[in-house]
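Presented sequentially are two complexes of subunit A, the first with subunit B as partner and the second with subunit C.
Take a look at the complex of A and B:
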């Protein structure tokens, strides 16, 4: 089972501009722009390492969306983008709280 | 996940307490992004000032009178700078000289600055520059580029 979790989330400086967010990442020295759903993904993963299915289920409920294939693909894309930026990592394991 | 919203300016040490709030921020500013809110978006922002500091994008001098001529023992020589071949050049009348601009001084024809033929010979030096793939730049552009990265002049005629 593939679990996603945040990387150094506690170091991020987040500024709320009203459903839009800027996130300063000290590790890279970069500032990123997030919209509401993308910041919620990051916050959720900071609290709960989760599979993509779990992330989609929660987000679909929160944003009143149908968790269809397109929705899931969009979430998956952004997770890989987060991973490229060093904001999240994925772990392949049975228990997300191990190691 | 709960319907939590990050609060304005969260701090590192108290992430849990400040990130979670049900308070809806007042937003009167114009949105940076328009479109579907259910498509996750992340974009890395870059400083325009930082880009300006590292770019050497310039246009060719408007005319020969504003071009840079270096005084040498062989008379004035046109500073002929070369667009960086490694850079994708911008269409139009602008050129990217790259991070380490290169130039040469045009020696021929030799210019006697007090002779009546000086203007004509300056134009001939410009033609020679163009023939080498170079451009003339203005004194203002020259100063700006010298302040940022300098220009390497491949010439021994100074």
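Take a look at the complex of A and C:
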């Protein structure tokens, strides 16, 4: 089973501007601009690793969305974007040599 | 001692050796033997304080050299600590080269302050920022405001102490460009503006003197309260539009010269500014109209 988890979430500086957020990532020196759903993914994953299904279930409930295929694809896109930024990683929980 | 308290002969001699002048929080040591530049500086720097016995943060020189293209002509070259960051300039552009060079020195050497590319004035002990890239008319607007009841901090740099959240004044000559020169000569006929310097990389440039009071008060820092992202559009009425905090953050962070260099400090400084300031987009063309609008907003908040 593939699990997503945050990378160095505790080092991020997050400014909340209401419905948008600016996030400073010390590892890269970059500043990112995120919406509500993106920041909630990071916060959720910072608490514990989760599968894409678990993430979608929680976020769909939180944002009153239907967790259909399109919703899942959008969450996956955000996760892969986060992965390229070095904010999240995925690992196979069943393999003892990973994480 | 102020420059205008020194006879020209002595001023010229000091420039030959290295004249130190206090410009905001910095002392700049200027050295040149080029007499026409000395004459221009004597007129335009007359309200600045000399700092001969103080440490200078920047050592700049304007030297003359033979032109490569025409051996019968001479050019001038700007040097910062002996290094030449630019190609040489025609002699007639010596003042423009010096002023651009000092700006460059500030932009590349100052790393302890957040450096915004912004016109900055002060009113009622609060700073107003006009962050903008070239071509937005910020120098022209800043020149008008600084001679109509606002204290000049800078037409070019917002120098913010990221720890204290305060801005340092750095009132320097304001380089008016092209059509703005005639506009300001007509609108503010009483102010001192240097000779027009044609054919520079930015067209024709003429340097307006900062108001004497702004130079005298250049040790008085202040915190920011308003941020206007200005845009001059011909014949437009003045329009003020509130912008979201996240958009203001993005605009301000991308406007800073050294935001990325400062890292977390830069992020926190920009966030502090957005939290403590009222942020607007400003479109204008008429000086009276824009001043009335600014005054109304200042009175309301």
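Just so we're on the same page, the second predicted complex is superposed on the first by the 93 of 99 C-alpha atoms of A that agree within 3 Å, B and C clash if a C-alpha of one lies under 4 Å from a C-alpha of the other, contacts with A are read in each partner's own complex, and residues count from 1 in each chain.
Everything that follows uses one rule, which is that a contact is a pair of C-beta atoms (placed from the backbone, for glycine too) under 8 Å apart; a residue touches a chain by one contact, two chains touch by 3 or more.
In this text, all values refer to a predicted model and were calculated from it rather than measured experimentally.
**Q** Based on the superposed arrangement around subunit A, label subunit B with subunit C as either clash or fit.
**A** With subunit A aligned, subunit B runs into subunit C, so clash.
**Q** In the superposed arrangement, does A:53 touch subunit B (first), subunit C (second), both or neither?
**A** Neither subunit B nor subunit C is touched by A:53.
**Q** Does subunit B (first) or subunit C (second) touch A:29, or do both, or does neither?
**A** second
**Q** Tell me which of subunit B and subunit C touches more residues of subunit A.
**A** Greater contact footprint in residues on subunit A: B.
**Q** If you stack the two complexes on chain A, which partner ends up touching A:20: first (subunit B), second (subunit C), both, or neither?
**A** Both partners, subunit B and subunit C.
**Q** Going by the contact rule set out at the top, does A:44 touch subunit B (first), subunit C (second), both, or neither?
**A** In the superposition, A:44 touches subunit B alone.
**Q** Does subunit B (first) or subunit C (second) touch A:68, or do both, or does neither?
**A** The answer is neither, since A:68 touches no partner chain.
**Q** Overlap the subunit B and subunit C contact sets on subunit A and report the shared residues.
**A** 13, 15, 17-18, 20-22, 31, 33
**Q** Taking the touch rule as given, give the residues of subunit A at its contact with subunit C in the complex, in rising order.
**A** Residues 13, 15, 17-18, 20-22, 24, 26, 29, 31, 33 of subunit A touch subunit C in their complex.
**Q** So in the complex, which bits of subunit B are touching subunit A?
**A** So the residues of subunit B in touch with subunit A come to 1, 3-12, 15, 19, 25-27, 29, 31-33, 37-45.
**Q** Please give the residue numbers of subunit C that touch subunit A in the complex, ascending.
**A** Touching subunit A: residues 244-246, 249-250, 253, 259-260, 263-264, 267-268, 271, 274 of subunit C.
**Q** Quick one: which bits of subunit A touch subunit B in the complex? Just the residue numbers, please.
**A** Its residues touching subunit B are 9-22, 30-41, 43-44, 46-48, 58-59, 62-63, 65, 71, 74-75, 77-78, 81-82, 85.
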